[in-house]
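Every chain is named by a letter (A, B, C and D) in the order it is written, and numbering of its residues begins at 1.
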Amino acid sequence: MLKTRFFKAELETPFVLASGILGLTASSMIRVLDFGCGAVTTKSFNMEWRKGHKAPSILPFENGLLNAVGLSNPGADEMVREISQFKSRTNRPLFASIFGRTIDEFGQVAEKIVGLQPDLIEVNVSCPNVRSEFGRPFGDSPQDTAAITRLVKNIAGSHIPVSMKLGPHGPGIGLMAKACEDNGADAITAINTVGPGMLIDIDVRKPILANKTGGVSGPAILPIAVKSVYEVYQAVKIPIIGTGGVTTAADAIQMILAGASLVGVGTAVYERGIEVFHELAAGIENYMTTYGFKTIEDFRGLAHE
Amino acid sequence: MSDLMKTYPILKIIDHGPGLRSLYFEKTFEVQPGQFINLWLPGVDEKPFSVSRITADFIEVSIKAYGPFSQAIMQCQPGQRLGLRGPFGRPFSWHNNALLIGGGIGIAPLRILGDTLSQKGFNFSYLIGAVTAHELLFPEEMKRQAATRIYTDDGSLGKKGRVTADIEQILDSEKIEFVYAAGPEIMFVVLKPILDQRRLPYEFCMERYMKCGIGICGQCVLDDSGIRLCVEGPVLNQDDLKQVTELGSVHRDASGRRVR
Amino acid sequence: MLKTRFFKAELETPFVLASGILGLTASSMIRVLDFGCGAVTTKSFNMEWRKGHKAPSILPFENGLLNAVGLSNPGADEMVREISQFKSRTNRPLFASIFGRTIDEFGQVAEKIVGLQPDLIEVNVSCPNVRSEFGRPFGDSPQDTAAITRLVKNIAGSHIPVSMKLGPHGPGIGLMAKACEDNGADAITAINTVGPGMLIDIDVRKPILANKTGGVSGPAILPIAVKSVYEVYQAVKIPIIGTGGVTTAADAIQMILAGASLVGVGTAVYERGIEVFHELAAGIENYMTTYGFKTIEDFRGLAHE
Amino acid sequence: MSDLMKTYPILKIIDHGPGLRSLYFEKTFEVQPGQFINLWLPGVDEKPFSVSRITADFIEVSIKAYGPFSQAIMQCQPGQRLGLRGPFGRPFSWHNNALLIGGGIGIAPLRILGDTLSQKGFNFSYLIGAVTAHELLFPEEMKRQAATRIYTDDGSLGKKGRVTADIEQILDSEKIEFVYAAGPEIMFVVLKPILDQRRLPYEFCMERYMKCGIGICGQCVLDDSGIRLCVEGPVLNQDDLKQVTELGSVHRDASGRRVR
């Protein structure tokens, strides 16, 4: 009932492990699939490994998480190894998330991985930690985003779909999504973390995150994510991976009604545990039975009617 | 306590020797032996530490000077506030007729375990070792609580040699039904085949680089099992370890790169 | 202990009722002051009355509120009457919040009220419902915001301070605050609602808000508000009314440590009841006693050290 | 239930007469007499409504056709989903020897109040009125429950005249220790001095334009008291009303403008 096709990939469930969550190693990603997730996204990586920011870099608060891991990652070579490992152990879907500190680097990382045939290349232009020379995420600039889209799509070719991962900020996510579509993107992932935010320990009187600020994820951002997906759905025809604050089946259904083809799940792995995928699946199946929907497609985008 | 960050003043510091100290905090939460907390030194960093003891009033954490973070901890003063969150992870289970093997700073989680086992009236003995006498945690307290064998690499206290030096002989001569171990990974590499061969059940308290402590960053995941050491560990038993291929060979650093 | 001076106003506590919360009538605002609030901000008003959006226009969710009241207000004439009423009944501080659909209208509304001697004029350029001809809030454009600041400050003269109310979006709140300061603003109010967001009823499959989208307020936005205040504090020297997600005394203290001179309270009136001001006051006094602070000034901005 | 929006199917509709109907929903929450809920008709609007009855299975809401929203409600079909949130506001308190005065759609909250009073074994009687017979809610059910006086403006049922026509005489001839009233505001304007003069305690269930129902928009606040009718009301007693200067004179519309 929940089986979903996304380009050439067959997903057991419409859930995608969001980038940055348990996506560092083959073993870790396979375990998440075993728990009922439909596809996994790797941690975003670039050419050179990065240690990232000091801790605390991931901070729970009452309504979600703040994170400023600083795009720590083991670098493209190591990730190529993990992705190959993954591919040798399973043929379930893997989405490779890439970023670059320069526009060129996006291309270099893409080159590194096309040969591995990931089921999708997700291009992270929206992390508050990846900034163009103007000090803002590439994803705030339609020009930069368009250029990166063309570059990566060119390398990915026609057989590997490319999804551009956008944030809710910048000049309007609908407009940004349109720029991506017009430049060859096959899908949009919306959204990355929100804010950023800061929390201060009132007793030591310092920001708690070592990086001081961090992106907000989890329940706090659900309404912003739903609205972003709704807006992207009206702006483009390409499919959407709706991500942000999904914790319960009702949240996931909202995403699909707003127009998402797949639903990204990140912070809920913390909020509800790794078992969350089973809960989400059960809840959606129940909903589909109640209303007689046979596939996810049957109710995708219905909130627009 | 909780996953949310909160700072508490250090109530007391006990220096066990150079570069080895215990910090005491008010007991504001419960913790089970084997569980760990994240300790934040504002302006410096945050790292995971086993709780080494819990009493009616105190939570004790024992720290060995190593790199920048733990060295900074050696400069802390009573009254200074550190962030604590947790407790995280799965604790030890409780068994009778157990041997508690601790190497170096790995002795810390065995201390709280011993307290619990002795409260439950279980039989157990300690087997502890360190490089040298002043790197050995709690030898006197342990001796008062249970039979305690001590080893040092330089022979400055107890027998000279590795803590695992006489392990087979001990296992074969005494009524030992369960083994707990905590310490450097090489200890587990030595112990595992010996215990497996004797079909003795065991739990090892392990360490990996941890970034979040709450099971989402993926930094502490063990090949090939996919076990998140911060959630499904840090205590792993013989069944968990069957799926772990990286024991004693590789682990991952702050970037996620494999190091040996 | 909590007595605070803000320009010429004397506040019993450093709390300000945020605009849009119970700020429609003199009676309503006086009641809030009686509950321990230090100053009240009126609902934002413009020249002509506005009915606003249909309901639901204010929607609680797990982590706060969504609202899209559509800047409903009774118009400047009626608000002049209420403010006069207020002034005839008490001399406690009142901040008048104004907006315009055009830059000129900001000036017209300001003209209407300077004679009433409000303790502050708060200029709402950041409501997602007040858009320039380019379809974006004036507060997203440094040029528009600068022009509005100059215009209103000119009318307010030297004896009535003017605070510009900014949102967390747009080209960076520090930059925007600087543009306000450079053009004569006396204070910054940060922040307005975040997002906007959307929630969908999964059974009727429609966005719940009549306006479909609405700004997010309450606990969900606290980290973004704290970070915004922190950033504004680094960008400008003028005082800050730190607003957004403050529900507990610890939240309010974070705002002050981040640099706020006064703390705006909105959604907490719903989350905790109108008694919230007493709770906040008690919590802050307790904190001040613990650390030996005599005034709010003693710990303002300390998170920057 | 809660403040969060959730939709429920209409289980049953009872048409009392043209433009007057009750909707039944599954009883998924408790409600006290006098409290109201917000009813959302998706695509149309959301408005506050008193609960007119609660049983083991049902929540009943009774609605009179008036403007766009309530007319749209008249088109609803069983099975259709409406949003419900609440219950909101402070309920009636309970008193013995009470007179329940209801005018027009104001009869709705008296119905659930009468049920509660009769369950508690209290004495009470109804005094209800409407423009014409088919605008009168529940006359038969009320008669079965307690003494019920009926008035209609056109005399089509009961006595001809306003519901308050004989009120002084009733109060002076019967043992009435408490008065509840709900209906058009003019009723309260008539009743208030009569009750105050006799020092009879009372509670009125009032209406004002409501936007949020949760005490933050300020739309329902009463001059000069600052009372938020959605939180501190909709039921106000004689003490509350002492501070209310706008009774029967002004109230505020959707923009917040005062209207007469």
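Everything that follows uses one rule, which is that contacts are C-beta pairs under 8 Å (C-beta built on N, C-alpha and C of every residue); 3 or more make two chains touch, one makes a residue touch a chain.
As the structure is a computational prediction, the values presented were derived from the model and not from experiment.
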Chain whose average C-alpha position is farthest from chain D's own: B
Centroid spacing, where centroids are CA-atom means, of chain B and chain C in whole angstrom: 51
Distance between chain centroids, defined by C-alpha means - chain A, chain B (Å): 36
Centroid distance [mean C-alpha coordinates] between chain C and chain A, Å: 34
Per-residue multi-chain contacts in chain A, two or more chains: 61-62, 199, 206
Numbers and ranges of chain D residues touching at least 2 other chains: none
Overall pattern in which the protein chains touch one another (line/ring/star/complete/other): line
Interchain contacts (touch definition) - all pairs: A-B, A-C, C-D
Touch list for chain C against partner chain A, complex: 61-64, 66, 168-169, 194-200, 202, 205-207, 212-213, 216, 219-224, 226-227, 230, 250, 253-254, 257-258, 287, 299, 302-303, 305
Residues of chain C touching chain D in the complex: 20-32, 34, 43, 49-52, 54-62, 65, 69, 72-75, 78, 199, 201, 203-204, 206, 208, 210, 266-267, 269-270, 273-274
Residue ranges of chain B in contact with chain A within the complex: 3-7, 38, 40, 42-47, 81, 83, 211-212, 214-219, 221-228, 231, 252-258
